[in-house]
Amino acid sequence: MKNLIILISSCTALFFSGVAAHAADGAKKGGDGLPDPGVVFVKGQTAIVITDPQIDFLSPDGVAWALVGKSVTKNGTVENIEKLMKIAGEKDILLVISPHFYAPQDLTFKHGGALEHAMHGIKMFESDERLDQAGFKPSTGPDFMPQYKKYINNGKTAVANPHKVYGPDTNDTVLQLRKRNVSKIILAGMSANLCTESHLREFMEQGFEVLVVKDATAAAQLPGMDGYAAAMTNVRMIANGVRTTEEVLVQINKEL
Amino acid sequence: MKNLIILISSCTALFFSGVAAHAADGAKKGGDGLPDPGVVFVKGQTAIVITDPQIDFLSPDGVAWALVGKSVTKNGTVENIEKLMKIAGEKDILLVISPHFYAPQDLTFKHGGALEHAMHGIKMFESDERLDQAGFKPSTGPDFMPQYKKYINNGKTAVANPHKVYGPDTNDTVLQLRKRNVSKIILAGMSANLCTESHLREFMEQGFEVLVVKDATAAAQLPGMDGYAAAMTNVRMIANGVRTTEEVLVQINKEL
Amino acid sequence: MKNLIILISSCTALFFSGVAAHAADGAKKGGDGLPDPGVVFVKGQTAIVITDPQIDFLSPDGVAWALVGKSVTKNGTVENIEKLMKIAGEKDILLVISPHFYAPQDLTFKHGGALEHAMHGIKMFESDERLDQAGFKPSTGPDFMPQYKKYINNGKTAVANPHKVYGPDTNDTVLQLRKRNVSKIILAGMSANLCTESHLREFMEQGFEVLVVKDATAAAQLPGMDGYAAAMTNVRMIANGVRTTEEVLVQINKEL
Amino acid sequence: MKNLIILISSCTALFFSGVAAHAADGAKKGGDGLPDPGVVFVKGQTAIVITDPQIDFLSPDGVAWALVGKSVTKNGTVENIEKLMKIAGEKDILLVISPHFYAPQDLTFKHGGALEHAMHGIKMFESDERLDQAGFKPSTGPDFMPQYKKYINNGKTAVANPHKVYGPDTNDTVLQLRKRNVSKIILAGMSANLCTESHLREFMEQGFEVLVVKDATAAAQLPGMDGYAAAMTNVRMIANGVRTTEEVLVQINKEL
């Protein structure tokens, strides 16, 4: 056991020394010994992307509250997302929303993963919105949180089409960003290990730089399966950086 | 605390009852209360996909062994991957390999996430393979494990181009599968929470059904960041099913 | 010149003889000497996909009629699309609509190609539809053709999210198909060399088999730039087959 | 007929007037009445992408010469591609090559479009290159043109993995560009209406700005199917701009 710890220590040391050799990228070391490349914000090239800021996830009235409510409350997720939306408007930073949403015909999909089944089971994010029909009823589960609407409907925020699994692969989030020359993303929203992490992973495949805001997200916590802990491990390894809302606000005020 | 547990219990009950209502899919309940849709294997429509079966991950000679070796050893990952490769040949099941690999010019990428930096730091998966040059030297880090080569070079296995981040988004794995009418995937390989999970997530976005083999994978375990635990939480929620190698072999022998 | 013709003739002969050697695929020869693999329809694996069946393209009231009207009229595109929609309902074939559509914020994209500029110039496909708002006004340009609505709103047809450039890369058309086990596509709609052809190209990259219905599409014809002729050349080379509506109806009646 | 011409004229006038209203983009009018947005080159954000600069397409020794040779010769394609490669080195502009290439196992794909069949028929772009094997023999059909090798093997050029259908969807071309902050593409190579056009279309879906070099490409010309003419119609409509090699060199010398 002692040997193992030594091995790990020497390895993380190796990781950092290797990164030092990869100096062109200027990656600093985090307190955990892993590289912490971070993202330098540049005006006009930086956007805030929020996944699933919807009632079903963020309100006690939402169908998933029993699963995620504890994590949402502990992190102050609702308030932290609002802080990010607010500064986007103040600093003229592009805000992009990628919502989760099922139209009636999506319920005839013939197969899906465990949580896809679960979501359909509790009728999460379901609406009869259709291209030629009226939108869904305000303040039902798939709707945006009421306090976010003034930031979303301000005439500047881009609302991508709904994604249908977890990632932005099936909607136009990436296009919304690229058509506005954005290459650096501040990522937050729900839920940490599902839609937020899938957005992170796809953004990295697409060559974006991504900073994840760890307390402006939250996740389902089930016995033996802590979605928030899982996400924190994975986003630390995958993203360019992981920061608190407070740290991101400070960096935005300094750089944008 | 007691209340919370009750909430969670009633919620997972709700999840299952909901799924029961979604009966067309016939999703059964797992021991953990989550839906367990599973995948029914169909001859000619099912493939085994292995991510990164390479020396740098799976051998004590590999550069990442200090990080993943404990998990690889505990799971019997090397042997379990071989069992899957072996039955693929015996049962004429398509085997697809999605390797991880950096060509020299990839090292001039201008940015990357934490583990991308770390991998470049330890020169993981690096080779001078190029379209018009000789391949990499046998038995170096990016090479396949020696005992796997007879299964990979059997004239039937499809080796996709190397992926460059974690997922199959930047290579031809999906095309290799779809051009052969495969829609059901048995997924294993390295490492659980990075390339294997990113393959799972992208496969789900692409509408595949995926069964993850939980002991034919493994992951980096760092202080406070257990990549394997994170992966197990996420694949349980995302995939159609999670099984042991033994369970998969039994199902293959029964259905294929 | 005579030499050239001989070269071409011997080459197309070579193409066919080569294909004969590639006999596993059983590709027949078209009247033009090119392989004509075709698509064998299989119940439950075949869908009809229609791009942009909207007023702006298909009605004299649409903003693009001056550009495409002649081609639409000559091909009988409006009627032929309806024939495909009708038989989809009768034969229980999945019908998927992939509409073209710009939300208000899309007009702040910072760059686009020539026709993207042109479309914004004539306010084509623009609407204020948003996730939390009412849909667009019936019978305006982005709306579906009135006679198609009974097929689209029949509770079975899947309407994908709008695509934003020309292809299905930015919407969920592929997911709609794969989640229902569809691998064979009968493709039609507007406009032949832009959205229809981009859908064809992406479907081929995704490993679908695609039959293009050549008289259930049409295109802009400008001086020196015949979009329909361009599409017919390209889809002949790229698709698995190109057929008339009548031929497709006969094949459907025989095979589905 | 006279009426039609008037309609078209008034429509292109409408297109331009509309674009004038869309003035934020500053799109100028081309001689053909269509918007001509063009691309402003910016140092460090601009790359030259060449598709399929390989013997099978560009040399009389290549298997497709009988189909494309006339177009290649007329356009001076071989020389014009070299001019682009040369100035890339001189001006330190990123050069990315996206080759076309089939590994042995790719020949067991179960279906494909007409030209995919034709290419397999004449054994185009086939090699036994594999991740753990030696590369293909120099100067065979899939190899790069000999005179291009000094530009490709200069230690700076990025060679993407081979694409397997026509577009960059199945390789890492987009990642190679985005990981180096490139958003503006000068596109050339073979063949105009297949791989080059599919790269253009996918790049547009990904939000790049693309300038197509019309005489640094060429295409198959078959009786009744002129691939080059088809491509010229489509790229004019889709790309941000279409220029000659000479015009691009002038612009590079001015802006980069």
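When the chains are written out, they are named A, B, C and D in that same order, and each has its own residue count from 1.
FYI, a contact is a pair of C-beta atoms (placed from the backbone, for glycine too) under 8 Å apart; a residue touches a chain by one contact, two chains touch by 3 or more.
Model, not experiment: these values are computed from the prediction.
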Overlaying chain A on chain D by their Cα positions calls for a rotation, in degrees to the nearest 5, of 180
Interface of copies chain C and chain D: same or different residues on the two sides (over or under half shared)? same
The distance between the C-alpha centres of chain B and chain D, rounded to whole Å, is 34
Between chain C and chain D, the Cα-mean centres are separated in Å by 23
Going by residue number, chain D touches two or more other chains at 108, 110-112, 165, 170, 174-175, 179, 181, 205-206
Listed in rising order, chain B residues that touch chain A in their complex are 4-5, 7-8, 10-12, 14-22, 24-25, 27, 30, 32-37, 66-67, 69-70, 107, 110-115, 117-118, 120-123, 165-167, 169-170, 193-194, 197-198, 201-202, 204-206, 209-210, 220-227, 229-234, 236-241
Chain A contacts chain C in the complex at 99, 101, 103-106, 108-112, 129-136, 138, 143-144, 149, 152-153, 155-159, 161-165, 170-172, 174-176, 179-181
Seen from chain C, its contact residues with chain B in the complex are 174-175, 177-179, 181, 183, 205-208
